[in-house]
Structure formats: C-alpha cells, structure tokens
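Please find the structures below.
Same chain, two partners: subunit A is paired with subunit B first, then with subunit C.
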Partner chain A sequence: MRISSFKKYFQVAKTSWSGGFVYRLNFVMWRVRNVVQLIAIYFLWFAVMSRNPTAFNYSTSQMLTYILGTSIIRALVFGQRSIDAQGEISSGDLNNYLVKPISYFRYWFSRDIADKLLNILFSIGEITILLFWLRPEIYLQTNPLMLVSFLLASLLAMVMYFYFSFLISMTTFWIPEENGWPQRFFIFVILEFFSGGLFPLDILPPAVYAVLGKLPSAYFLNTPLQIYLGRLDLSQIVTSLFMMAFWIVVLRLLANRTFRKGLKIYGAYGR
Partner chain B sequence: MADKLKRLRIYWKIWWTSSILSVESVLENRLGVAFLLSGKIVRFIFFIFFLVIINRQVQQIAGYSLNQMITFFLMFNLLDLFGQLFFRGIYWFRDQVVTGEFDFKLTKPVSPLFQALTRHTDILDLPLLVATIIFLFRQGITLTTSQALVFLITLVSGMVIVTAIHIAVAALGVMTTEVDHTIMIYRDLSMMARVPVDVYTDSVRALLTFVIPIAVAYTLPAKSLLGLVTLPTVLLALVISALALTLSLRLWHYALTQYSSASS
Partner chain C sequence: MKDMSVISVRHLKKYYRVHEKEPGLKGSIRSLFTRKYTQVKAVDNIDFTIEEGELVGFIGPNGAGKTTTLKVLSGLLYPTSGEVSVLGFNPWDRKAQFQKQFALVMGQKNQLWWDLPPMETFILNKEIYEVPEDQFKKTLDKLIELLDVKDILKIQVRKLSLGQRMKCELIAALLHNPKVLFLDEPTIGLDVVMQKVMRDFVKQYNRQFKSTIILTSHYMGDVKELCERVIIIDKGKILFDGKLQNVIDRFARNKIITVVFSRDIDQRKLAEFGNIREYQFPRAKINVPRKDVAKLSAKLLSDFPVADLVIEEAPIEAIIREVFTGKMKQTNA
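What follows is the complex of A and B.
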C-alpha cells in the first residue's frame, strides 16, 4: 500500500474514532452491556471454582484469568463497525463505495481498527475497576516468549475474524432480508460457544475438543488465551500460529471471491 | 362491568389482529425464520450442554445440583420468552418516538402503552416456549397444593415484574429516546438469572432483588418450584411486584407529559 493510500485509510480510521465520541451515550451503554455479561459469567465460574479449585485441570487463577481475559480479547477480535456492511448491501448503500476510489475491505478494516482501539481502551478500564472490586486471583504470565506469542495470536485472531465476519456480511447479497440479521444472529450464537466465550474449550470431552479445537472459531478467543495461560507448549504455539495464518489466507480469498460474485447479482435494492 | 368487558374484547381483538399480521410478516422470510429459530434453539441447547459439562466434574454449583440448575434455566427461559413473545413491540418503539410516529398512537382510542408494547408478537419464541414448558413438566417435580399455590403466586409476580420493566423501558424511551440499549441492558441483566442468583455476591444480589428485581422475577419462581421458598419471601415478592408495576405506570404517565413529539 502506498503512503498516499495509507493516509486515506488513516483518515477513515480517524473519522471513525471521532464518530465513536459523537454517540457517547450509545457507546457507554454498549460497554455497560459488556460488563454485565462479563460479571454474569465471572460469578458463575467463581462459584464453580471456589469449591473446586482444581476442577477441569485449571487452577482458580487460570480459570478466572481466562474469563476476564476474554473481555479484552473480545474487544480486540470481535469489536467492529464492519458489521454495518451487511446493512449497506441490503439497503443499496454499497453503491456509494463502488463509485469511489477506495477498497471496500480496507475502508471497513480501517473503521474496525478505530472501533477496536476504542473498545480496548474501555475494556482495560473496566477490567481494572473489576480487579479492584472483585480482587480475584489472577494468573500473570511473565515468560516474554509467551507474551509475544499471545500478542501475535491476538492480532492474527483479529484479522481472521475480520475476514470471517465479512464473509458472513457477504451472504446478504443472497439473503438480504432484515439486513442480513438472521444469519448473523445464528453465527453469533454458534461463535459464543465455539470460540470459547463461555469457557475454555479444552474442558470439553477430548473427542469434542479434538474437533472444535481445529475449527477457525477456536482461534478467536480460546487460542490466544490458552497461550497467555501457558497451556500450550512451543510446538503447539507454532502450529496454532501457522494455522491462523493459513485460515487468514483462506478466509481472505473466500471473502474476496464471494464479494466479487455477490457484486454480479447485486441489485442495489432500495436505490 | 359490561363496559369493561367490551373494552377488554376490543383489546383482545386488536392484539389478535396485530399478532396475526406479525406472524404473516415474519413468515414472508422463511430462510430468515429458519436462521432465527435455529439460533434460539441452539442457544438453548448449548447452555444446557454447558451446565452438563460443568456437572461432569463439579457435583454442585452454589449448593444446587445439575437438575436444579436446569430448572432455574428453564424457569428463566419461561419468563424471558413471555416478555419477548408478548412485548416484542418495545424493540421498535424508539423508531416511533424518534420519527414522531408515536403521535398517531396517542390519537387512537387505545392505550398508547398497550400499542407500544404489543405492536409485534414474536411467534418465533413460541416453539421454544412450548419446549420449555414440556421440559419443565419432564423435570418430574411434584408439588403439594400449597406449594403449587406458592409457585403460581411467584410466577404471576414474575410476569408482573417483567411487564413492569418493559413499561419502564418504554417510559425511558419517551424521555430519552434510548430504548435499544436500555432493553438490551435489561436482557443482559436478566441473563444473570439463567443461574440462581445465589452465585453472586451480596451487593449484586441486593441490586438484582431490590433495584432491578430480576431475582424476584426469575429466580423466585424456580425456587418455589423446588420448594425452597418461605411465606415471608412470597409476601415480599408480592410487594415488590405490586410496587414495580405501580412505579412503572407512574413513570410512563410522567414520560407522556415529557413527550416532545420531535420530528413530527
């Protein structure tokens, strides 16, 4: 990407960042929702682990760190504005972008970056308050290699989810009803469970984990946090990172191809 | 009395007609229905599976067995689906306020609150509601007459509280035009009752009992079904539900005086 092109998308990200502060109440309410969801699942696990401190082969500190950690990783991986793309396809607003000298993918990726930054900032603030309030046992990773791998895995998960989510938005070309919400809702439900949003996936029966652990969804939350907790050895970490890179390539190709195919049948409804 | 009955019949007819229209409009998009319905069912199954997974290694959570935890979850579903099935209209209410369409509701000879809450009946929640009731029966719980009476009282109290919260959300919608998030925050808070509120700390429990009475609405009926409720608690449930309804209705009437009819 050339510098002039980078500046263009940087400006998009900057505008999106400012937009986040325009609808402040909306954003705060959204974050309140996240905190409520986190508290609900945290206390459930706290109740489970307080009487069974070594259940599921996890220490209490590891399990609670996993649950609290999902909040920050969620903000990084799942925080997005690009979900609006499906509404644009459905309403015909996509036309506005097709006539402009910008890449639709890069435009939304830039907006996502701004949204993720905003969400991460708030998420860190929320977690800090929760740590002071709840004073849970926290697992602190000190191995630099693990920390770097964790950061890398989190970034790869973010890119992976961007293409995955875009692919879901692209289905709106074929199923435009209700702005593509029904199929998105279905994927949300599946992801909540399969990404490890409620619990670490390795507490599942080995046969189930053997399958779920290999799906792309497992890399969104479960893998980065497993790395942070030091539950994967070096060879497993390297394999996971390679698999994530592989999925990024596959999902990117799929998303690009689906977008091109979608454009061929795009009817600009509502325009 | 005859007048009241006549009015009730009118309201029934309006609700029935709008429900039929809702069903027809939803069924227009069959693939969408398939996704939404599947999502709701999968979410239900996943949570039960989640509880089973925990139970594989932990016999009790906060002193409750797996079967009891499932009862709490089913009762949560029953009341949650009651709210979603009948009061789904609240999700579209913000648009009416923001665009000024609510003006038209105010001029009709039917309660605007009734119109706001029941404008849309979500038929997609019906299959899961029926399934939940069947599962509750299959839990094999036997109740004495007095326990059944206590259960009914707490269940009705729960429904009243759920209704009151929806009224309060509608009132806040008129005053602030912030309905989408308010109702979703309520939904997230109510999700805390998928498990007994005993798992939370005292401060969170107090918040869920006296400030936003989620615990009284969702947990108490489940506890009464399990025979774990005392008479003073039932009386407290009655007082809280009556208070919640009264306050929400007052808030609604106050909100109407603040309605600015913007954009119309």
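What follows is the complex of A and C.
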C-alpha cells in the first residue's frame, strides 16, 4: 500500500474514532451490557466449578480464565462499526463511496480497527476491575510459542470475522428490509453459542463438538482461547492457523464476489 | 476515434429490471426464489455531448430519467447499452484517476458525517482525494468565503439548517477541484434567498474554474438564470437539446398582455382578443398568439379605455409544461 493510501485509511480510522465518542451513551450502554453478561456467565461457571472442580475436563482456573478471556477477544474480533454497511446498502448511501477513490472494504476495516481499539481499552479496564474484585485464580500461559500462536490466532480470527460479517451485510443487496437487521440478528444469536461465547466448545459431547469445532464460527473465540489455555498441541495449533488462513481466503473471495454481484443489481437507490 | 468532448453519450439505454414483490421480509425471501420481472425504461436511447466549461440544464418531469442519467455518468449504474465517456473514461470502471476529477451532489442525499462538524468531513475528503495541504487550504478558504459559512464549520451537522448543510455539502464535494460536476436538484427545499445564493455560487464556480456542469432542477428560475443550454428529457427520451432561448422562441406560442382599464368593460368583447387568463376589474390578463401581439395590442388601445398595458413572455414554467405535455411534438414533427 502506498503512503498516501495509508494516510487515507488512517484518517478514516481517526474520524471514526472521534465519531465514536459522539455516541458516548450508546457506547457506555454497550459496554455495560457486555460486563453484565460477563459477570452472569462468570458466576454461573463459578458455581458449577466449585461444586465439581474437574467437571468437563477443565480446571476451575482454566474455565474462569476462558470466560474472562472471551471479553477481550470478543472486543478484538467482534468489535465493529461495519454493521452500518448494511444500512448504507439499503438506503443508497453506498453511493457516497462508489464515486470516490476509496475502497469500501478498506474503509470499513479501518473504522472497525478504530472501534476495536476503543472496545479493547474498555475491556481491559473492566477485566482489571473484575480481577481485583473477584480475585479468581487465573491461568497464566508462559510458553512463548503458545503466546505467539494465541496472538496470531486472535488476529486471524479478527480478519476472518471481518469478511464473514461483511458477507452477511452484503445480503442486504437482496434482502433490504429493515436495513438488513433480521438476517444480522439471526447471525448474532447463533454466533454467541457457536463461537464459544458462553462456554468452551470442547465441553460439548464429542459427537457435537466434532461438528461445531469444525465450523468456521469456532475459530472466532474458541480456538484462540483454547490455544492460550494450552489445550491444543502443536500440530492442532498449526492446523487451526492454516484453516483460519484458508477461511480468510475463501470468505474474502466470497465477500468480494458478492459485493460485485450486488453492485450489478444495486439500483443506486435514492433519487 | 478519440472524442474531444468532456462528456459524450451515445445511444444510452438504462432499463431497470424490477421484480414484483409482496411487501415485508416474507415477500423478500419468497421473491428470492420466484421472481416476476418487469422492465422500466428509465433512459431510452439518448445522445448528447457536452464541451468543456458548459453549464447545461437537464430538465424534465418526475421520473423522466434525469437522476438515472447522472448516475450512469457517475459510474453508479451500469448502462443497459450504449456508450458513455466522461473525461475520456468509462465511468463504470470507477478508476481513481476519473473519480478525482468529478463530483456528484444530490440535493436529497448527504455525504457529511451526521454527528461530526462539517470540518471533519472536509479533512477526511482531503485525504480520500489526496489533495495536497496547501491546495486544500486555498480551496477551502475560497469556498468558505464564497458561501459564507465560516461560523458553522465547528457545529455538528445534525444541528445545521438545510441551507447551511447544503452549502457544506457543496464544499465537501468541491474540495478536490472537480473538472466535472453533476448537480442533482441542489436547490431543492431551499428558500428563495438561499436558492439565489446557490445559483450565484454555481455560476461563479463555473466561470472561475471553467468546470463542466450538468444541473437538474424543477425550479425553472435555476435553469433560466444559469443555463444557456438545456436538455429536456421525458420518459427516457430527449425532447429538446439546445439554447434555452430557442425553447422559448419555438414553443412559446403565446405572449401575455396585461391591461389595466380605467372603466369597466364588456368581457365578451375582450374575449375576442384571445384567451382571458384572469379578469378582475380593473386588471385583465390575456393570452395572445405571438405573431398577433402588435396588432392586437394596438386594437386593445383603440377599442378600450386602457390605463396601462404590459406585454410579457409566458412564464418559462408554462412553456416547459407545454413541451412536456406533448404540444411540442406536434410543432416539432
């Protein structure tokens, strides 16, 4: 990417960042929702694990670390503004970008980065407070190889989710009702469970995990955190990273194609 | 053969394929599987060329195909058939080189960030169009001065009035000094004072930067004041392309005589002169055929107790209305 091109998208992120602060109340409510949900799941698992410390083949510290970890990874992977793309497609505001020398994908990716940064900052703050308050036993990963793999997996998950989410937004070309929210909402609900947002997926019965663990959704939260907890061996880690790279290529291709197809039928609404 | 015109359109057709759909999400999903298509001929085989520096009025009734044409010229819509070239580019390719040289402003759409002050959008556009710092400052200062918006640059867009917002929309669209400008109803919803400000601005911008401009508007005042040349379009077809004055000469079959009488008169006698548009003593307005104006006004003066008499061109709106309602085709054919 050329320097001027980088400056372009850096400015997009910066503008988005200042725009984000305008929605202070909205953002704070979103964080509150996250914290409340986190605390609820945390105490649920705290109760389960204190009755049965080795249930599901997880130690208490592993389980609680997983739950708290989802908060930060969630901010990194799921933190986004790009859901607004579906509104722009539906309303015709997409026109604003199509006439400008800017890539719609990169535009939203830059804005997502700004949003993720904001969310991660808050998430880290929240977790710190929770740690002081609840003083849970935390699983600390010290193996540098595992830590690097964990970081890499988290970043891959982030990119993978970006294209996946964009693909969902693209359905708005064909189903523009209510700015594409019905289909988006459906995905949100499914994803919460399928990505491992409520609990690690490998506590499910082996037959179920064999399927869910292979779906792309498992890579969003479950895989990075499993790596952090040291529950995957090296060959499993390598396979996972390759699979994620593969999914990125596939989803990117699909998103690009769908976008171009969508543009052809796109009426450029709004007179 | 290289075309020297800034804009050239040949045999352009844009048909929309619309499928009938029951309302709601359910209808949407059902229509994904079974679709009945109908065709809307929004633009139906039009040709025109526009040279550098021209300011052309593009007029026609609702649904005529104006916006559709501008969208094709901007690369937003893929033509059904025909050739389009703007600044030597095929708009649909959406090359950065092309996009840096034109702008599209739609009076009913906005590009400004709703929750931020307009200045933020300006700065973002500077980076998007890769405008050098010094050029940006110079252009911005000039536009701010021309449109007199210094005081509102730091106010959230959502708090601006429609007129203030429109001014800022224009600035956002012009910061990269586009050579070609498409203005789709830029004065819609503005009061008469603000309309005048916009007109003056567009006129000045056109002169100063020698930019090529296509303007659509339902306000004939805009067109009359700004455009020497007009293209009249209806139902996707061009009805007229030429000097605005020629439209008037050719299609204004009548002139309007306004008479003020000093005493009450016999209306029936007056009716022999032409179609009485209104009569309320002491004032009457009569439509008379252009060629008879001199003769009839002389006769009016001799037959009636006239206190005052004025001869006027029919309002441009009325002339255009005649063109739209098909009277033109008869005269033209």
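Couple of notes before you dig in:
The criterion applied here is as follows: the second predicted complex is superposed on the first by the 268 of 271 C-alpha atoms of A that agree within 3 Å, B and C clash if a C-alpha of one lies under 4 Å from a C-alpha of the other, contacts with A are read in each partner's own complex, and residues count from 1 in each chain.
The rule is simple: contacts are C-beta pairs under 8 Å (C-beta built on N, C-alpha and C of every residue); 3 or more make two chains touch, one makes a residue touch a chain.
A quick note: this is a predicted structure, and the numbers were derived from the prediction, not measured.
In the superposition on chain A, contact is made by A:4 with subunit C only, not with subunit B. Once chain A of one complex is fitted onto chain A of the other, the partner contacts of A:182 extend to both subunit B and subunit C. With both structures placed on the common chain, the touch criterion links A:37 to subunit B but leaves subunit C unconnected.
Once the two complexes are laid over each other on the shared chain, residue contacts for A:46 go to subunit B alone; subunit C is not touched. When both complexes are overlaid on chain A, the residue A:24 reaches neither subunit B nor subunit C. In the superposed model, A:135 lies in contact with neither subunit B nor subunit C.
The intersection of subunit A residues touching subunit B with those touching subunit C, taken from the two complexes, comprises 175, 177-178, 182. Residues of subunit B that touch subunit A in their complex: 29, 31-36, 38-40, 42-43, 46, 50, 53-54, 56-58, 60-62, 178, 181-182, 184-185, 188-189, 191-192, 194-195, 199-201, 204.
The part of subunit A that touches subunit C in the complex is made up of residues 4, 7-8, 10-12, 15, 18-19, 22-23, 92-93, 95-96, 98-102, 174-178, 182, 264, 267-268, 270-271.
By the touch criterion stated above, subunit C contacts subunit A in their complex at residues 16, 24-25, 28-29, 32, 67, 71, 74-78, 94, 96, 99-100, 102-104, 106, 108-109, 111, 113, 115-116, 120-121, 123-130, 156, 184. Within the complex formed with subunit B, the subunit A residues making contact are 25-26, 29-30, 32-33, 36-37, 39-40, 43-44, 46-48, 51-52, 55-56, 175, 177-178, 181-183, 185-186, 188-190, 192-193, 198-199, 203-205.
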